[in-house]
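Chain naming follows the written order as A, B, C and D, and within any one chain the residues start at number 1.
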């Protein structure tokens, strides 16, 4: 296999790992617990920026062409841990604002606005993370190991991503199928029943918001270290939609399903579209990619709302499907 | 002082443009409960209808009226063809949010594929400028502000005093009871979608005239500011949407005049978040509170 | 089949289908075109907010291959342009670049890599030993050490200094600045502002705008009140159009000292719609790389551009676009380097790039691929003087251009005045 | 009782109802005489409210027929029922909380001719003097009793021939319960409206009713003329399902 092919495959594997970890974070919030986090991409970005700044040296040392808040030059794995902490902390702050007193779809609106605010801040306050140009020269932990070929370093990073994905996956299984996981699904299905059991639904939501935020941050940190650059253009709010599609296609609440969904939607569609024999106009291909993502969401919500690999607990799924209608008024208006 | 007055004046102009769309967004949400993120796409699509007519030689205000009608029809069609079937299918509230964002993505990128990633402008002279100290208004801006004031008052009066307006408000809070009163809910809902689309059409053309150039995604890009205005004012309240638009407009312009042009948006959104912290239901909260959107 | 297995079956089927789609066509894509063809990739944003960059670069590549193929191709090979979408962001550009490198065995050079994605993808091309001719303006490449990276146009910092120098040259004593906070404009803003101050001009207003707002009336009013004789400006089409249309309503639009962005069709379309083409043409002083329309290579470029209508819709819109012109030169330079190296292997011909562009005594000056190929065939040294003028790469593979002020007169860009290196250095403080 | 016997009043003929295809109410037949009050009493979860909701479109109508004024109304859209003279007051969500008292009444008269609405509102304000002093107050701010009166007044706006009341005294204070149950409802029936009343407070309901139906587990266990209900032990046994 040529070096180029190896590198391409490595890239795809890293992207799959990153997206799977991120999609699991969203699944915990949206799939398992029913929290509609439309600012999701913001937490991925927070992780990426944090990892970048923790691993970069001081701004003045890197040639002075980029400006950012701090540069600590910390060794692996501290930037990743720091990213998760910041992602979780930011989630806690935003969760406290939005989760306590707003209805689910309204939370979504407010978080959408917050996501846009964050982009505007990042672009406007240049000293924060170099404005719209973003950060570059972000160190890759595998490449700091000397005496290895580029190829080996690359596969080392792939190994790191795969290992982290597996660890997160095991933790996800532990969490989702524990008694605590039942509480989370309870929050999604029947908040009143959870409250009646003496558990606070709001607290549970906040907890998954924080855990999911930390996972999003981890995925962002890995991505930033892999590509070596991170800028506001990478986390515009429509990107969140891709993760939602991944969870819906894979199967809300299903850990293996969401992993497949993330691989297919976040990585697969993009790669597959490039190979489509419909001429070579890249603008059309990109449009097609988004249109396919949108159509896939609609098709799955209509034909297979439980996703490719449905959540194990069918009892809940039936309720999801026949559950309360969005607007009874529209539903029964025609009857 | 002159700077302040002119900044407030400019804020009112910005607010007027945002208010048309914000009222449309909030009205449709209050009646149908669907957070329609494809609202921005309706703005753009009808903006293009006006563009084609305008470049075929039609006066911009006539084109705007055509955009209003087409906006209403597009909005109605989206609801009938996509949203209502999904709701009948049993999709819940936040499932619908995802459906609307899917529709927006499909529309925007479909349109971009059709018209290309380039910029479009109407041919419409700004007209004579009216000057009061630093505060300058062109004839075109004056007409837009006039249209905005007229439309928002019209919506408000219709909701407050007409039979169908009351039915709409009743439907918004208690659909089953509205049916008990004999309200043909399906028709009223269709009307709400149509009116919302009309406002999207007019709001889109007004916005595109104001920013003087637009692309296939401009409507969706500005939707967030429009939602922010609606949320700030208290979702579901047309009065609130106008007030929210005024706050957003004036804060951004005053912020730009006195503080930092680059951060004026941050300032406006900061006000929104501060309001949400204290009063999550927004400024005019009745519907939001009664519908348990915010506690 | 139980429900669980059925679901699993569906999942497998979908994965399989995607896999087949990918495999099936990867073979077809690598064998696209007759055997032995060479490929230049146009690697740029074709979608997203900067979707106009891609077509702009393609409008440089296609005329070049018309020219090259008409002269019999490179070392007997026909050449293609392959547009690849970077989406203008690193996270999408990296897999796109890797896929392109892996899937195309005939890829010999890359035209592209804009400011948004260059820092992320240049290391990839470096690692793959494929030359990339970039139009990024980012100053992180001012001291570039990647041997496969080449930059024909001056960096943003030099552009900013040149704009300040132009203000002085135009006899302006009060020059305001207005820059968007987008990535392209932020490169040149600091040096332009510093230049204005350094040259002793009054700076009555210096604005940085959040791009894509619904109104800049307060900012425009402040600018109008500052009464500058000229505004040094760079912002995306949308922001520029909104701002200047509002400025024209509250007051006068003074002279505009703009950058090459103002030669892009999208910017002109948006601004023309906003303030009218007459006013725009009257006030616009574009500070761009010096490329007199009389340069022979430029004339070849424009005629080959018209011959590229099959791949470049509405080609004439690009004929004054400096980025298209520079990308044309990039392709010709790579082709000449291959001829000089007698090899289309990127790892070999990359070292010949400077050899076909650097001035040296006895070198034959050529303006077209055909002439260069012929001269090389006769064993001569050549210096390609391109459509942007002479291209002198320094040790960091940057080619500083001479700058000129251009004005749009009777449907053509005309050089209004040259800005000398000394004038730019004065603005830059060298 | 056959359809023709009932005249204008509603007749239920073997009605089954439920939710999501699941049958809760089985084969219920009953009729309400014009100007009379019929009450359905029974333990919690017996399906009393479900029966009413099946008519108003808030539960599934699974079988049988309902007649009003000699016309079948079983499956017509709920917003057309009022045209046939059938009004109802749900147990909860019984007013438009964001509208004022006056607007609630006006919306109740949605089908009246435009000119007649104001006069009809005044008439009902005379009937419910408690509401007259608070016409511009938002309904969401009313007390439970005021709210229920408004709900009943709203339902009466189009002058229906039959009225379905779903537990009108739920959550009301004893005084208000008395006002609604012993005062307002009998007055209504005296004016000629046929009233079908579902009540938890069985004794009070029976006291004002002309006919009593005891419903247990979705079926009518016993039907009596109200004045015949003297044997309270028997009633208790029926309630407990021991017939």
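To be clear about the criterion, contacts are C-beta pairs under 8 Å (C-beta built on N, C-alpha and C of every residue); 3 or more make two chains touch, one makes a residue touch a chain.
For clarity, every value in this text was computed on a predicted model and none was experimentally measured.
*Asks:* Which chain has its C-alpha centre farthest away from the C-alpha centre of chain C?
*Replies:* Greatest centre separation from chain C goes to chain D.
*Asks:* Count the C-beta contact pairs for B-D and for A-B, then tell me which is higher.
*Replies:* The greater number of contacts lies at A-B.
*Asks:* Taking the mean of the C-alpha atoms as each chain's centre, how many Å separate chain A from chain D?
*Replies:* Once rounded, the distance between the two centres reads 52 Å.
*Asks:* If you average the CA atoms of chain B and of chain D, how many Å lie between those two points?
*Replies:* The computed centroid separation for chain B versus chain D comes out at 42 Å.
*Asks:* Measuring centre to centre with CA averages, how many angstrom lie between chain A and chain B?
*Replies:* So the centroids are 30 Å from each other.
*Asks:* At what distance in angstrom does the C-alpha mean of chain D lie from that of chain C?
*Replies:* From the centre of chain C to the centre of chain D is 76 Å.
*Asks:* Going by the contact rule already set, what residues in chain A reach two or more other chains?
*Replies:* 120, 124, 283, 286-287, 322, 332
*Asks:* Listing for chain C: what residues touch at least two other chains?
*Replies:* 46-47, 51, 55, 181, 210
*Asks:* Which parts of chain D, given as residue numbers and ranges, touch two or more other chains?
*Replies:* Within chain D, the residues that touch at least two other chains are 57, 77-78.
*Asks:* Inside the complex, what are the residues of chain B that reach chain A?
*Replies:* Where chain B meets chain A, its residues are 32-35, 37, 82-84, 86-99, 101-106, 108-110, 112-113, 116-117, 171, 175-176, 178-179, 185-186, 189, 224, 227-228, 231, 235, 262-263, 265-266, 269-270, 272-273, 276-277, 280, 288, 291-295.
*Asks:* Name, in rising order, each residue of chain B that touches chain C in their complex.
*Replies:* Touch list, chain B to chain C: 3, 6-7, 10, 13-14, 17-18, 112, 117-123, 126, 129, 134, 136, 138, 141, 207, 210-215, 218, 221-222, 225, 249, 252-254, 256-257, 261-265.
*Asks:* Can you tell me which positions in chain B touch chain D when the two form their complex?
*Replies:* Contacts found on chain B: 163, 166-167, 169-170, 172-174, 176-185, 286-287, 290.
*Asks:* Where on chain C is chain A touching in the complex?
*Replies:* 3, 7-8, 10-11, 14-15, 18, 21-22, 24-26, 28-29, 46-49, 51, 54-55, 82-85, 87-92, 94-96, 98-99, 101-103, 115-117, 119-120, 123-124, 127-128, 138-140, 142-143, 181-183, 186-187, 210-211
*Asks:* Quick one: in the complex, what on chain A touches chain B?
*Replies:* Per the touch definition, chain A meets chain B at residues 34, 36, 38, 97-98, 100-106, 108-110, 112-114, 116-117, 120-121, 124-125, 237-238, 241, 244-245, 248, 283-284, 286-288, 290-291, 293-295, 297-298, 301-302, 305, 320-334.
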